[in-house]
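Chain nomenclature is as follows: A, B, C and D, assigned in order of appearance, with residue numbering initiated at 1 for each chain independently.
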Amino acid sequence: MSEALLELEDVVSGYDELQVLWGVSVAVMPKRLTTLVGANGAGKTTLLRAALGSIRVWSGRVRFEGEDVTRLSAYQKAARGLVLVPEGRQLFNDMTVEENLELGAYTARARPDYAANLERVFTYFPRLKERRKQKAGTFSGGEQQMLAVARGLMASPKVLIIDELSLGLSPLLTQQLFGTLADLKNDGLTLVLVEQNLHLALALSDYAYVLAEGRLHSEGPSREVANDPDVRKAYMGM
Amino acid sequence: MYKMFAGVLLALGVILPGMALAQKTITIGFTTSETGKLNADAAPQLRGFELWRDQVNADGGIKAGGTQYKVALKHYDDQSSAGRVQQLYTRLILQDNADFLFSPYSSGLTSTAAVVSEQFGKIMITTGAAEGKTYKLGNRYLFQMYTPADEYLTSALQAIKSKDPNAKIALVYSNDGFSKGAADGAAKAAKSMGLNVVLTESYAPNTTDFGPVINKIVSSGANVLIGGGHYADGSTLARQLYDKKSNLEFISLLVAPDIPKFASLGKAARGVTVPSQWEPTVAYKPDFGPTPEQFREMFQKKYNTLPGYHAAGGYAAGLVLQHAIEQAGSIKTPAVAKALNAMDATTAYGHIKFADGKQDHGLQVGHDMVLAQWQKGDDGKLHSKVVWPKSAANAKLVFPLTTYHQ
Amino acid sequence: MIFDLTASVINGVLVGAIYGLAAIGLTLIFGVMNVINLMHGATIALGMFSLYLLTTAVGLNPYLAIVPVLLGGFVFGVLVYWIAVHRVIGSSDLMTLLATFAVNMIIIGVGTAVWTTSPYNVDVSVPQLAISMHGYTIPGTQIVAAVLAVILATLLYGLLYHTRLGKAIRAVANNRAAAELMGINTRWVLAISFGIGIAVAAGAGVLIATLFPFTILSGANYELKSFVVVVLGGLGDPAGAMLGGIVLGLIEGVTAPFVNVSWTPVIEFTLFVIILVLFPAGLLAFKWGRK
Amino acid sequence: MGSQVILKRPTFWIILLATLAFALVPALTGNLELRENLLLGAVYIILASNLNLMIGYTAYVNFGNIAFFGLGGYIGLYVVNVLGWSLWPACLIAGVVVSLLAFILGTGILRLRGAYFALATIGVNEAVKAFVTNFEPFGGASGMYLSFSSFNALGGARHALWLAYFAIVVLMGLSLWLSLAIKNSRFGLGLFAIREDEDAAMVLGVRTPRYKSLVYAISAFIPAVAGTLFFFKNGVILPDQAFDLTLSIEAIVMLMLGGQGTVIGVALGAFAYEQLRGFLLVSSTFSQFQLVVAGVLLLLIVLFLPEGFMGWVYRHLPRLRRVIE
């Protein structure tokens, strides 16, 4: 019996006949920022998909709040508060900012908090408030990423998983968004960050998992992982 | 046990050949449109065939040369499409050993079937295949029951001329083979009769919205309309002419108003005329077979509805074939064909005579069309009355319709 | 000539509104799940026959009959979705085309067996509303049908843009994977969208049947028109479909005085192909620069 | 592909045998009913296997395939009936003209992909049909009726129909051989690349627009010639029959049934489908519900056997993939 909020146990999965994950275990502690790092193609996104239920878990288990949720589909997990901000934003481009946020709060859990959540995300991202009637597809990359995070927050998440937050953003914008994440953590939100940008991710997070070729390479408190010479050499070019 | 079985076999062996001697069967093969868009028109024709068969068989069969032949009909669904017609007619001839053939419904399918029937030298009585073209391709064994398409609207034009020689005529027809043939014939006839056609317009056969067409009729200033096509478009046109208060004084549409169901249009049907191959109320004196009245009663008894001309044409096709076989005293094709070529007789369906030239063999030249009109009877219901020619009429043509619709 | 043209334009707009409604059913299904619904025409025909049954057997007012038809159409659509479509959603275009075509064959087959292919007619008239001018008359039924078509389209628009369900439907249309992540049960949204598309098509069938006689095969004609309409309005865009329908009606009305009406289909379908090639997103969507 | 290589392929010999069987069995037995059955089977095989070049090899769903057949019929019959030429040059003219038209049309509509292309092909078929219905030189709505004397030029109706039949059987063999040859050529490889991922194919140097237009034009040729022969044999051509959208869709059903992208599978699918429809039509039990039965069958295949009969065979006997293509 662990006190982890989200727990993956020996997860094996892949696409059709192609196995990608070879038994990965991850535990996400409440009110912490956990980060999952690894090179391109290490299986990070596949692990998220398996955890969220977008693809089938071949073997192993996914536990959320102590309950086995392995077989639940993505929308059912979202309804329980396990929320993903997907890679590449995946906004509803033909819909307005407001509608995107509304859809973020689609679940029965989040709906009662709609007004409060809306106010909260507008404080975090005042830009979105100015453009609430604008269509999401017309936004710049940075604004879209803000909207994606904001949409995730609207779901009143118990765990918010963010996939490749920094992808395609300028260093300045990336800094800004990471700042927001720090605020969120301080507010007591449980976060999982999946990143290629190890420097920032490890600096911010409490605990890190390093994924390589579909297996867990190493894990530990972020500072230790950041100092692991192996990791430094392989992923941080040092 | 097996003794009993053998006994039964023995008995069958004695009885069956005996039966075969006493009674022979002739098979008549054809395809009909049980499905697809021609079904509405083809179905009554099939009823006509079947009524004739039942009567012949009830009377003991066709007598020819001292033998009694029972009649069997063998038919397949052609799905209103020519694709399988040749395959099915070949099957009818070779597998089902059809002695004679009826045509499918519609000129297109009939021409396709004719390639096969001619090839095998089988007689095919055609009904529901009005277009003259089919009979001008060099056939030897086709015999047409219908007055050819290009003469369909002639009676309507005659009626118009007698009522209003200065009529402005709108010729509006469905753009399909048969209707176009009828319209082309009408245009020619109108010209020779000195009538004034102010609008010639064709529409796609699957048209449902006649708004633009009716607007054109109105703006042409026409006071009479002739044309139409088949049941679906014709009934739709009639209904919208009424809905849109077109104020026409005379309407004559092909085919559609002859189907008894046309009366379900209610007021929109009132006063509409139809050139008809046959009407239940005609007063022909037949040389053989039942009188028109007897036919009507028999048909009504069996199918609980009035026969239209598709049904009468089907029935008469059987009757004519039967008569030719009896005249020939044989079921051999050359003898029967000879009898058909020589036929010049009146039936419940009217006068029948086939052209016998090389260029137009089988074309119907004896039969006359009548003009029928839907009129409100004393019982408040709609009845189809023969109004033209005057010699065949049992009611007066209501003209103009404008007052009738008030 | 001027009155002729005016009358044809009005006629075109009125009929076009119904074309538009019919096409909304098609375009909604395409927009949400990228399926070209080849049972669209058969569904319209089912709507027509439902009206016939409801007015003759049950004796319902023809315009009230639209309510049970919409409900029945919805249930039918959801059922068809689960039985025939769901399994092939997301596989190639060919599979979904064939799945819906198979259902089309089944409906037409059963319909032919039950009703044959002869025309049926529902006797409706609203003479009080008829408008006459200079010999041209617009029947009341046509006005009522067009108004009802616009009302239904507006209701549907309201549903899509101002309700939770509608937003979920649009979200799925926009990005199904993301919608799933928002906690939306996308499988059900697909089924419901299919149901709505079918219901609207059946409803359009009812309106058409109040105007014109019909057979079980009549729907095919409206299916082809719906294709033209959705291409005009932009595939997958319900608001565009209504406009596209009216444009098509206008084309039919405006060309009629100048050419023989049997040429209308030639013009329609040639235009259809040209627009599709030059403006695949639809003429109307092109204006907003959307792809 | 060199001719030596193709001679080594078992599929080539299967095609040759099947073609010979189609031609000889009815001829030697003199069974005309069998001939009529096989004729429709052969026409369906022609339609399905040429359509397969588009759908099976290139993944472009062409609903308007029947327009080639119908237009070919019209052009051919025009040449025979109005110009009074003999049947054989008429066939050739029909094939060439329709292919050229297809090539020109293809450069336009093949820019569309997926459902958009499918819709455009429906539009093309309807536009051509509507046009021909109004086009007086082709007889407009009345169509064209062939005089029985046209058969006399070929030695009388009986003889002419046999000739038309043999010609169609040869076309069937050619269609299948063409499918096989393309499948095993560089051209075919390019087409398969388009099927798998058109953008990637373009990057790899496949001139996709040229390839697509070419295969579209090729897939038009034999159906157009077959159209001339078929309607010649029918003796009459009408717009409704020539441009029957349902037959177009049925051709897709046939190639699905057999397994899209295969050569023999598609032929089997077409033949089986033709036999099934024919059986349902003349069967007293099913004739009322033939459409329903066909629909249910199609649905079951789409849902549970999407790779078709050949796909199923390959799955269970993978070695056959090389023997029967």
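One rule holds in what follows: a residue touches a chain if its C-beta (ideal position, glycine included) is under 8 Å from a C-beta of that chain, and two chains touch if they have at least 3 such contacts.
On a predicted model such as this, the values are computed, not experimentally measured, just so you know.
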Chain at the geometric heart of the assembly (C-alpha centres): C
Just the number, please: Cα centre separation of chain C and chain D in whole Å. 32
Please work out the Cα centroid separation of chain A and chain C, and write it as a whole number of Å. 42
Averaging over Cα atoms per chain, report the distance between chain A and chain D in Å. 53
Averaging only over C-alpha atoms, locate the centres of chain B and chain D and give their separation in whole Å. 37
Multi-partner residues in chain D (2 or more other chains touched) are 130, 133-134, 141, 288, 290-291
Tell me, which residues of chain A touch at least two other chains? none
Show the residues in chain C shared as contacts by 2 or more other chains, in ascending order. 112, 260, 262, 265
What are the touching chain pairs in this one? A-C, B-C, B-D, C-D
If we count contacts the way the header does, which residues on chain B are in touch with chain C in the complex? 35-40, 43, 80, 175, 201-204, 206-209, 211-213, 215-216, 218-219, 231-232, 235-236, 239-240, 243-247, 261, 264-266
List of chain B residues in touch with chain D within their complex: 34-35, 76-77, 79, 81-88, 90-91, 94-95, 108, 111-112, 114-115, 118-119, 131, 133-134, 137-139, 175-177, 179-181, 202, 204-205
List the residues on chain C that touch chain B in their complex, please. 1, 3-4, 7-8, 11-12, 15, 112, 116-119, 121, 123, 125, 130, 132, 135-139, 141-142, 208, 211-215, 217-218, 221, 252-253, 256-257, 260-262, 264-265
In the complex, the residues of chain C that touch chain A are 164, 167-168, 170-171, 174-175, 177-186, 290
Spell out the residues on chain A that touch chain C in their complex, using ranges where they run on. 52, 54, 73-76, 78-79, 83-84, 86, 90-95, 99, 102-104, 106-107, 110, 151, 155
